[in-house]
Amino acid sequence: MHIAEGFLPPIHAAAWTVAAAPFVVHGARALTRQVREKPEGLLLLGAAGAFSFVLSALKIPSVTGSSSHPTGTGLGAILFRPPVMAVLGTITLVFQALLLAHGGLTTLGANAFSMAVAGPWAGYAVYLLARRLGGSLGTGAFLGAFAADLSTYCVTSVQLALAHPDPRTGFAGALAEYGAVFAVTQVWLAIAEGLLTLLVVRLLAQS
Amino acid sequence: MAAVRVRHAYDGGPAVLDDVSLEIAEGRATALLGRNGCGKTTLLRVLTGGLRPAGGEVRLDGRPVAYGRRGLTALRTAVQLVLQDPDDQLFSASVAQDVSFGPLNLGLPEAEVRARVAGALAALDIAGLRDRPTHQLSYGQRKRVAIAGAVAMRPRVLVLDEPTAGLDPAGVESLLVTLGGLRGAGTTVVMATHDVDLAYRWADDAAIFDGPLLRTGPARELLADDDLLTRARLRPSWACTAGRLLRAHGLLPDGPFPATPEELRAAVPSPGG
Amino acid sequence: MAAVRVRHAYDGGPAVLDDVSLEIAEGRATALLGRNGCGKTTLLRVLTGGLRPAGGEVRLDGRPVAYGRRGLTALRTAVQLVLQDPDDQLFSASVAQDVSFGPLNLGLPEAEVRARVAGALAALDIAGLRDRPTHQLSYGQRKRVAIAGAVAMRPRVLVLDEPTAGLDPAGVESLLVTLGGLRGAGTTVVMATHDVDLAYRWADDAAIFDGPLLRTGPARELLADDDLLTRARLRPSWACTAGRLLRAHGLLPDGPFPATPEELRAAVPSPGG
Amino acid sequence: MLAIDAAAYRSPWRHRHPGDKAVLAFGLLGAAVALPPWPGAVIVGAVALGLLLGPARVPARQVWRSGRAPLGFAITGVLPLLVSVGGPGGFVTATPGGPRDAALVLARTVAAGLALLLFAFTTPLAEALPRLTRLGVPAPVVEVASLTYRMVFTLLDTAGQIRRAQAGRLGYASRRAALRSLAGIAGALFTQAFARAQRLQHGLTGRGYAGSLPVLADGARIDGRFVSLSAALVAAVVAVTLAVGA
């Protein structure tokens, strides 16, 4: 669920850009280091970026019969670690904006914060926690992807509610409204993505 | 089965298929030839239900295919397509898993799925690969696994797009033996290829894209027509060229031309004899 | 250039190359033949500096190649490899940018890089593609771009791994014309292939993997040796088989056998004449 | 394969320096977001649409096809502006001024979206990406992005092929099968992407690859006239908006 170009007021667009920037810059440093260390690093990261983009372009069937796209943030965070995902996720978001008109450039900061920062970190944390507590690889992957998805949508709802608070009930009211609009579809989608991630991770572990 | 007056164009582009008809006779080997970009692959996708043609119809057992879920399931149970690049077709961790994909989707009981997997691996002569990860196999082995995945569906018609591409001569020979086995078990086989000599050797019937027209007929007639082959931007075959010259000089008896160098050597008497 | 008594094995595996020597004569066309997995591709990578052999040496102008930075740069300026799958070589979405990569790595000034890009695109007859994105090109076009990327390095020796794989007959013909142009401009060309008839038609010299041994010699001799070809798990060629039979019956004058069906038709008199 | 991308390579502005188009499109984008939506968004939207359909010669059908998804998001996104949930007035009530607020946000989104499309439909990414280093983006990041862009198309192609092959083996006949099929695609894409990266390294080593991918961007220059006209147009949009709004 990308916030469309122009949907956020300028102050909000700028503020979220500032919020996401340190993570992306940190990730860019990590990426530069990886590339300098070994020459195959560059090609592997390019492959990882393309994988992230194409993953988010797959249509997954949802309960309502309509279809939706996985975010891939949980899987990406498990495979490539959150700092690098901050850069790869941002590159993916720029391509989605310019190649598919999903999201936008003024909303890039906000979308990067939810999908390239918050989602991967939450997903990765939950994955690690699940593994520490003795969960299997599959359980960790499922919970991680579920958490990444859900936290992405929660952050998006917060971003929208902050930008467009309800004149009577304020931020809290707007958050409840946005939460309600997205929860119906997104909880199921998060479960579907969790299952998908579980299957993929199992498949990769086998081979 | 048959494609009848099929038309197709991709997304507002020019027509790729324009009024093309092809009848595939049950039990026979059909070769489909044409230069790259002539519409061969599109026709194969139309025939196998991967693409719904913009016009015309595909017929199975004389009845037009319905593009609902049931109609497509019926078509896909009867006809299977194997793509040129096996990596476009393999997506499971192990060989056995990949081959079981189709039978599982048919909703068959587990014992039956196992039997089909074993049968398909045996038919392709790769029973020894069953537990290997697909991406560790050689190209020729991956190609066989991809074919096994289609064979496990027990199709009546097996359609192969450029199955010999990327194989070495020994690989081509053993693939032809395998296809012979499948045909012996009653499967109708269709093969798209660029290789006129291979088609002459293998096929009963041929279909050649002559520009937008699809010419069809017995392989031994159609593939001996050098004018047609030239128009289709293919090469004349060695078998027909050499055979014709030798026959003109009385060195080769009547009948089809020897289809391989080995056959030719055996068929022509040495000058002393 | 030459590979002398080269040995190589991947990571503790069995030896892929064992005491293999190959001399590539300047200005001549060399075909390298063998079944899949015989070590052909490994030998090409050793020759072009992509792989440092475990034993033996690669010589350029009579001197062994040094595997330091300067030695490798010297080797790569002299020898370029084109892989079978163009997508393994094209990293840029822009044709011109991709071709500019090698010359830029040589540290050439911008104007010279632009000149080389233009020259390479012209040599491959794809100047018209320069503004098209790589992902909109056909397989054959991508193959040409990949070759242009190597040609832009102005190598003295151009090495191609299965360059005709995946091309249709018309594509093969036009590639041979293009390679002829490069040879005319003084480039030595080496081609790995499975296709004995193609090698017979195109090559001056041949090298055939006969098990672990590499047999080398003039193409017209080596490729007429059916026993060698059979041992190497290749097919006897049509050109030699048909030519030998016709010559035995006095229908073909001395000299090399006609190398294509068209040449054969032209060389043998019709019975009336 | 991707409609906007394909159109960008056919654009009459294809050979313009990306900077030219950035000044125009991002100038309008900034105006769409920063100016008061009434009348700013309406003016920017009209100008951007006029440029898309006029000099940039993008067919209206393509603009609609690319724009309808973000429009769908925007319409869903403004629904909460129309109603309040809870609060003193009852469980669900109409928000006073809601329709007006919703219309303004919608107008701004449409205008900004059209400005973005103006850049996307006229600028091939292959030419824009290498120039990002001039804007201070680290070279490794730009190179990763360029490689990503190239490999996206080979992977999309593979994904489409595998999907069709799976459909042929009834891989989408049930929801359960579909999920299994999708996991198969994702797994295959992952292994193929990394195998491809490794083979690319072999392929590029001979051309001197040692960890970076320098390329020569095409020779387009910034067109001073185009840039000044663009800046003037954006300034005019701002001036008219402020004058009408005052």
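A, B, C and D are the chain letters, set down in written order, and residue numbers restart from 1 in every chain.
Please note the rule applied: a residue touches a chain if its C-beta (ideal position, glycine included) is under 8 Å from a C-beta of that chain, and two chains touch if they have at least 3 such contacts.
Nothing here was measured: the structure is a model prediction, and the numbers come from that model.
S.K.: Consider the two chain pairs B-D and A-D; indicate the one with the greater count of contacting C-beta pairs.
M.R.: The comparison resolves to A-D.
S.K.: Centroid of chain A to centroid of chain C, CA atoms only: how many Å?
M.R.: Measuring from centre to centre gives 47 Å for this pair.
S.K.: So, what's the distance in Å between the C-alpha centres of chain D and chain A?
M.R.: 18
S.K.: Measuring from the mean C-alpha position of chain B to the mean C-alpha position of chain D, what distance in angstrom results?
M.R.: Centres of chain B and chain D (C-alpha means) sit 42 Å apart.
S.K.: Could you state the distance in Å from the CA-based centre of chain C to that of chain D?
M.R.: 43
S.K.: Which chain C residues touch at least two other chains?
M.R.: 91
S.K.: Check each residue of chain D and list the ones that touch at least two other chains.
M.R.: Where chain D meets two or more other chains at a single residue, that happens at 5, 125, 146-147, 149-150, 154, 180, 184-185, 187, 191, 196, 200, 204, 209-210, 213.
S.K.: Among the residues of chain A, which are close enough to touch at least two other chains?
M.R.: Expected reply: 43, 46, 203-204, 207.
S.K.: Chain contact graph: line, ring, star, complete or other?
M.R.: Contact map by chain: other.
S.K.: Please give all chain pairs that are in touch with each other.
M.R.: Pairs flagged as touching, ordered by label: A-B, A-D, B-C, B-D, C-D.
S.K.: Taking the complex as given, what residues does chain C use to touch chain D?
M.R.: Listed in rising order, the residues of chain C that touch chain D are 45, 48-50, 73, 76, 79-81, 83, 85, 87-94, 96-98, 100-102, 104-106, 110, 113-114, 117, 131-136, 149-150, 153.
S.K.: Could you pull out which chain A residues touch chain D in their complex?
M.R.: Against chain D, the touching part of chain A is residues 1-7, 9-10, 13, 28, 31-32, 35-36, 38-51, 53-55, 57-58, 60-61, 75, 79, 87-88, 91-92, 94-95, 97-106, 160, 164, 166-169, 173-174, 176-178, 180-181, 192, 195-196, 199-200, 203-204, 207.
S.K.: State the interface residues of chain C toward chain B in the complex, per the touch definition above.
M.R.: Against chain B, the touching part of chain C is residues 35-37, 138-140, 165-171, 194, 196-197, 233-242, 245-246, 248-251, 260-262, 264-265, 268, 270-271.
S.K.: Once bound in the complex, which stretches of chain D touch chain B?
M.R.: My answer: residues 158, 161-162, 164-171, 173-174, 177, 180-181, 184-185, 187-188, 191-192, 195.
S.K.: Once bound in the complex, which stretches of chain D touch chain C?
M.R.: 1, 5-6, 9, 14-15, 124-127, 130, 146-147, 149-150, 153-154, 196, 199-200, 202-210, 213-219
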